[in-house]
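What follows is a set of structures for review.
Below, chain A partners chain B and then partners chain C, in two separate complexes.
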Partner chain A sequence: MSCYGFHIFFTKFTLSKCLDAVMVMGNSHLALTRTNKLAVIASHCQDSHFLYPSKSLGGGDGAADDVSSTRDGKYELLAVANSTIAAEIRNVLSKAEVRGNSTDTLLAGSLAKALCCILTNSHLVCLEQVIKAAEDCALQYMNFMNVIFAAQKQNILIDACVLDSDSGLLQQACDITGGLYLKIPQKLALAQYLLWVFLPDSEQRSQLVLPPPAHVDYRAACFCHRNLIEIGYVCSVCLSIFCNFSPICTTCETAFKIQLPQMVKPKKKKLKMPA
Partner chain B sequence: MASLSEEVLLVVKKVRQRKQDGTLYLMAERIAWGPEGKDRFTVSHLYSDIRCQKISPDGKAKVQLQLVLHTGESTTFHFANESTALKDREAAKELLQQLLPKFKKKANKELEEKNRMLQEDPVLFQLYKDLVVSQVISAEEFWANRLGGLNNAEPAPYTNKQEVGISGAFLADIRPQTDGCNGLRYNLTTDIIESIFRTYPAVKQKYSENVPHNLTEKEFWTRFFQSHYFHRDRINTGTQDIFSECAKQDEKGLKSLVNKGVKNPLVDLLSLEDKTLDEGYGIKQALPSTSNSNKTVKESSNAAIIKRFNHHSAMVLAAGARKNEVPADQASETSSTDGNSRDSDFFQPPVKKVKLQEAIEYEDLQRENRQKTVALNLKKSDRYAHGPVPLQSQKYTTSQDIINAVNCIRHEMANYKPNLTQVMSSTAASSAVAALSPGGVLMQGGAQQAINQMVPSDIQGELKHLYVAAGELLRHFWSCFPVNTSFLEEKVIKMKSNLERFQMTKLSPFKEKLQRQYLGTNLTGHLEEMLQTAYSKFHIWQTRRMMRKT
Partner chain C sequence: MDEEPERAKRWEGGYERTWEVLKEDESGSLKATVEEILFQSKRRRVIESHGQVRLGMMRHLFVVVDCSRSMEDQDLKPNRLTSTLKLLEGFVDEYFDQNPISQVGVITTKNKRAEKLTDLAGNPKKHISALKKAVDSACVGEPSLYNALSLAVQTLKHMPGHTSREVLIILSSLTTCDPANIYDLVKTLKCLKVRVSVIGLSAEVRVCTVLTRETGGSYHVILDESHFKELLMLHVKPPPASSSSECSLIRMGFPQHAVASAMERDARPSFSMSHLDSGAGPGLSLGGYFCPQCHAKYSELPVECKVCGLTLVSAPHLARSFHHLFPLQPFVESPVEELQGSRFCEACQGELKDKSAFVCPSCRSVFCVECDLFIHDSLHCCPCCIHSRAAL
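Take a look at the complex of A and B:
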């Protein structure tokens, strides 16, 4: 029994095509096994919102009318899912305020919501699928990492399908939880990629030949410039990372003795003792 | 001829070897024999080479002594002096008996140590096989660094075994067996004898006094067991037993132990008397009077047994503690038993204090002595929340762009109806499939399988051995720099030749083997690089040295 949480992050693109692909994927997932469940979350700068299952699904008549009107013998669940997603996304977009100041999306929040959804609904191993078109947001880093580690503890795999630019955070998420990370060269064939790579669950993936895991950049960023560094100085009191030596740590204001040896060995991470 | 600095311990004339007359010399480290009239020794054996000695039985006409070496060879000496042959031989035999064990231990110890090290550490064993057996380096070089502490008097720390204490029941373990005809056999092993000597130094003293001058060992022990000293009812009947003195000494010792008392002020042994309340509470008769004259025979023999029992236990414990004491301590112990109040007072207060402190203080109730730590005082804690995303890499979008984008999307999605039958074109799909198939754009990284899946495991094992061996040689090589002494110079040159030999005998055949098996991966590249670095360093050093000399 597995449950998918979809996240769709968008700023600009042909959203409808993307949604179509997502829906295809969702339908396929539901069709694979009777017990599979689906949840779709859309995340934008103010909110993350469950597209499916939607809270307003309670009403019977409207839905029934929709279903009966399709008239193509489609599996009911799929029909309901599709129409709900479509309706909700229209809803979300019409309600979203336009604010011209941020392009960030609430990734961590939606991941957290998805995790909760998974944990409340099913007991077993689950997959989360993140489709990302936006940039990484630095401000949500802590929350994001917390969500990743929580998912790892719960044995939930996070897969990422990236449309635009590589996301270091998602790469880390996939590496830590054991999921797949893929950057797609053609957005038009999104559905194909989704079905090929991300549809099988974790046991089946071991039998398939899938794209190899990308090399993850785990380098830390120095606190002063936010440059990614391989070798640096770490304050032994507050553990903040710097790229250059300074006699006083700017985070915790501890003073350090300078012991400059004759030959400076550059290839070591030095831990200095406080004075 | 032997160097005159060797100390000659015994000279025996008229000893024949291989039907030749000559003289036998026993020296500090070896035994040698030279023919009559000649200056040289024709036969010379180090004591460490001798495995054991044998003598001809007493009844034989020829009085002979045979030495058997470790190698299996044997040399026989025939003592031909008519009058003193037997005495000579006995003297030689005694001396050898004393000397051989000393040397035997040394030689065996080294070999034993080496064997033990090789057995305990399979990596070392493999290294030994790779380097010494294939003659890349010699065995002495191999053991040079490893046997550092062996020739010292103290054993290496990890071979320190615990001293075995004395079993309290060692006397009881000598169970006499009936001999069939009214006799008893006592089986004495060397362990039991040692225990007896350690526990009862008086017996040891008697032994060293009497054996082998007056009594043989067998006689001594027979007398020991026959004496009343050994048996329970130790009623001294004043016989001419050599052990009656021991009994008296034991009494004295027991008295002194009692007088010494216990040093712990919290333990009061004297209060542990058999105090009874009254008749009927555990005793049948009235309390005995304090005078000893009313003691029955049974009571006195019981008292004697109990006394012996206590004494035996005390001696066993004392023997266990005694061997760790330095002689100075024994002197102080005797001084305190003399009743010399000054010395015994010296020892009392510190011990008392320690005991009192132990009783008063509890370790976990003490105040914790934590180390001084630096308090954490974060001024800019939001730095931690920032992820590893560079600050300035984001594309700059104007607010107008954002607003336009959102409106655009809204328009688009206002009439959104999912059209799932035309999600993508077939060309797009097929190109995606091609990209995902092996060899496609997205599958490039996977072609590099892990090396350990492509190389057979025996090759891997061999490579590991090569690395270990090369590492060992390189370690010796690099430890020579900087080359300060002439010893290091020689070592460096030797190590370089060792490395070359290693490369020739081990590395090149391995490479050829890889090539024959069509293994494309370059497994030996790193090894060769390391060796090459070593060679170039050696070359530089050599040129520098030559420039210095010229």
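Take a look at the complex of A and C:
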């Protein structure tokens, strides 16, 4: 039994195509096994919002009656899921205000909510998928790492499907939890990539030929210049990383003990008197 | 010399009337009481964090396991030794999860002697395989606290000043056989700033009480196996650093993981330095971590480079310890009836079924019992607070 959580990020265009691909993927996932469950979360600059299952439906009974009379004979669960996602995203779009030109998103918060949702609903192996179109937000590093470690502890795999630019944070997340990271070369084929790479669950993946793991850059960035360094100095109190030795840590303001060379007392030499 | 704090012993207290806990309501059913008991078992005590106290993040811990005759006792199933070693495997895993740049060593004591099972190392696999093999060893004789502690101190006293030096003793015997005066050793331990804690499996022993009180550790005696596990897990969190520990800048390397496939022309297989330790024999492998200073190859991190002595870690290892530095404040418990607004948990979107919910003091979002437990144990950040852009 596996449970997927999706996250969708706002793209500048092709939002409807992206949603179409996600809905196809969601339907296939629900159709694979009866016990599969689905949750879809949209994450944008101010908040993250559960698109499906939606609170406003109150359990989905009311909507099911409306939709059960679909003309094309679609499985009701899939029809309900599609219509809920479409309605909720319209809701979110109309409520969200675009403040300035920010393209960052609050990924860590969405992942945290998804983790809690997964844990309360099922206790077995779970997968989480992230579809990303915006850039990383550096402020989120610590919270993001906390979320990744919590997922790793609970054996939840995080997969990432990146549309625009590479994301170092997501690469680390996939590497640490054991999921797949893929940067899509052609956005139009999003549905194909989703179905091919991300639909099979972890046991089946070992038998498929999938894209090779990306090279993850685990070098740390120094706190003073934000450069990636290979050898650095770490403060033993607050674990902040510096590229050069300095007598005081700028984060926690501890003075460090400096190893001074040993002072050698000059020995008094007896001067030889000239004969 | 010793000022014993006034503390009533258990037999000096009054009777515990455990039958009074169960109360019937008007119709004679115990449902409310049973629900209350279940709810309390779901909520564990959230250990109060110390707040703005410096913690010892780089820890050197020696675990001393008593392998004397009394460990064959069967009050812990199947016997005390097997149960202890099994719990220690879980402890080692959890310890390296919470303190990735720390080290652990295991010492056993039996037959009035002590010997090192594993040396101080940062790799959990070695310790776990050694613990698994030790299950078959025989338990004979009496333990020796003095010998075990002096063996631990021999290694710990050479450790640098900014690390915390700790010893955790699991003692089941009520006796100890020492070649010299143990109170002198206690004074030496105090000078060397070694913190000794004891978990007793039988009963309280006075020499352990003095030992832990003088060195600043904790002493507990277990009630049953789940209590034993709880007490062990108390030692996973980094302890507050002593005021005299030095703070220094430690030079560390952050190697890149070179992943090369056999298809590339430049890929050259090479030997990994970690095979010098294991008896598996040298193996050629294509990828690995190369030390930035001397380019020796290692297969996993964290490790101390054998060639140049540089400590090699990766950035996520340091990031694992950040939540100790910024602990999450405990949430306020409030009854569900008093909450305005929807009765949904903000994190998992489920309905609030229990009679009380937890409210985050800073963002006032409501969480259910399971989410609160998960947030404080594993997540260490409130899912709604991190939505505000002002938060780090």
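We adopt the following convention: the second predicted complex is superposed on the first by the 234 of 275 C-alpha atoms of A that agree within 3 Å, B and C clash if a C-alpha of one lies under 4 Å from a C-alpha of the other, contacts with A are read in each partner's own complex, and residues count from 1 in each chain.
What we mean here is this: a contact is a pair of C-beta atoms (placed from the backbone, for glycine too) under 8 Å apart; a residue touches a chain by one contact, two chains touch by 3 or more.
This structure is a prediction, so every number in the text was calculated from the model and none was measured.
> Between chain B (first) and chain C (second), which does A:89 come into contact with in this model arrangement: first, second, both, or neither?
first
> Is A:198 in contact with chain B, with chain C, with both, or with neither (first, second, both, neither)?
Neither partner.
> A:250 contacts which: chain B (first), chain C (second), both, neither?
first
> Between chain B and chain C, whom does A:212 touch in the aligned arrangement: first, second, both, or neither?
In the superposed model, A:212 contacts both chain B and chain C.
> On the A-aligned overlay, A:147 touches which partner chain: chain B = first, chain C = second, or both, or neither?
In the superposition, A:147 contacts chain C only.
> Quick check on the superposed pair: does A:19 touch chain B, chain C, both, or neither? Answer first, second, both or neither.
First partner only, chain B.
> Just checking: does A:238 make contact with chain B only, chain C only, both, or neither of them? Give me first, second, both or neither.
Both partners, chain B and chain C.
> If you stack the two complexes on chain A, which partner ends up touching A:227: first (chain B), second (chain C), both, or neither?
So A:227 only meets chain B here.
> So which positions on chain A get touched by both chain B and chain C?
139-142, 145, 212-213, 215, 219-221, 237-238, 254.
> Residue numbers of chain C touching chain A in their complex, please.
Touch residues, chain C against chain A: 54, 57-58, 97, 161-163, 241, 246-257, 259, 261, 292-293, 310, 314-316, 318-323, 325-326, 342, 344-350, 368, 370-371, 374-375, 378-381, 383-384, 386-387, 389, 391-392.
> Over in the complex, which chain B residues touch chain A? Could you list them?
Going by the criterion above, the answer is residues 374, 376-381, 383-391, 394-395, 397-400, 402-403, 405-410, 412-414, 416-420, 423-425, 428-429, 431-433, 435-436, 438, 441-446.
> State the interface residues of chain A toward chain B in the complex, per the touch definition above.
The touching residues are 10-12, 14-17, 19-21, 23-24, 27, 82-83, 85-86, 89-90, 93-94, 96, 98-103, 135-142, 144-145, 168-169, 182, 185-186, 188-193, 196-197, 209-215, 219-221, 223, 225-228, 237-238, 240, 250-254, 274.
> So in the complex, the part of chain A that touches chain C is made up of which residues?
Result: residues 46-48, 50, 53, 55, 106, 108-109, 112-113, 115-117, 119-121, 139-143, 145-150, 153-154, 172, 176, 212-213, 215-221, 229-239, 241-242, 245-246, 249, 254-257 of chain A touch chain C.
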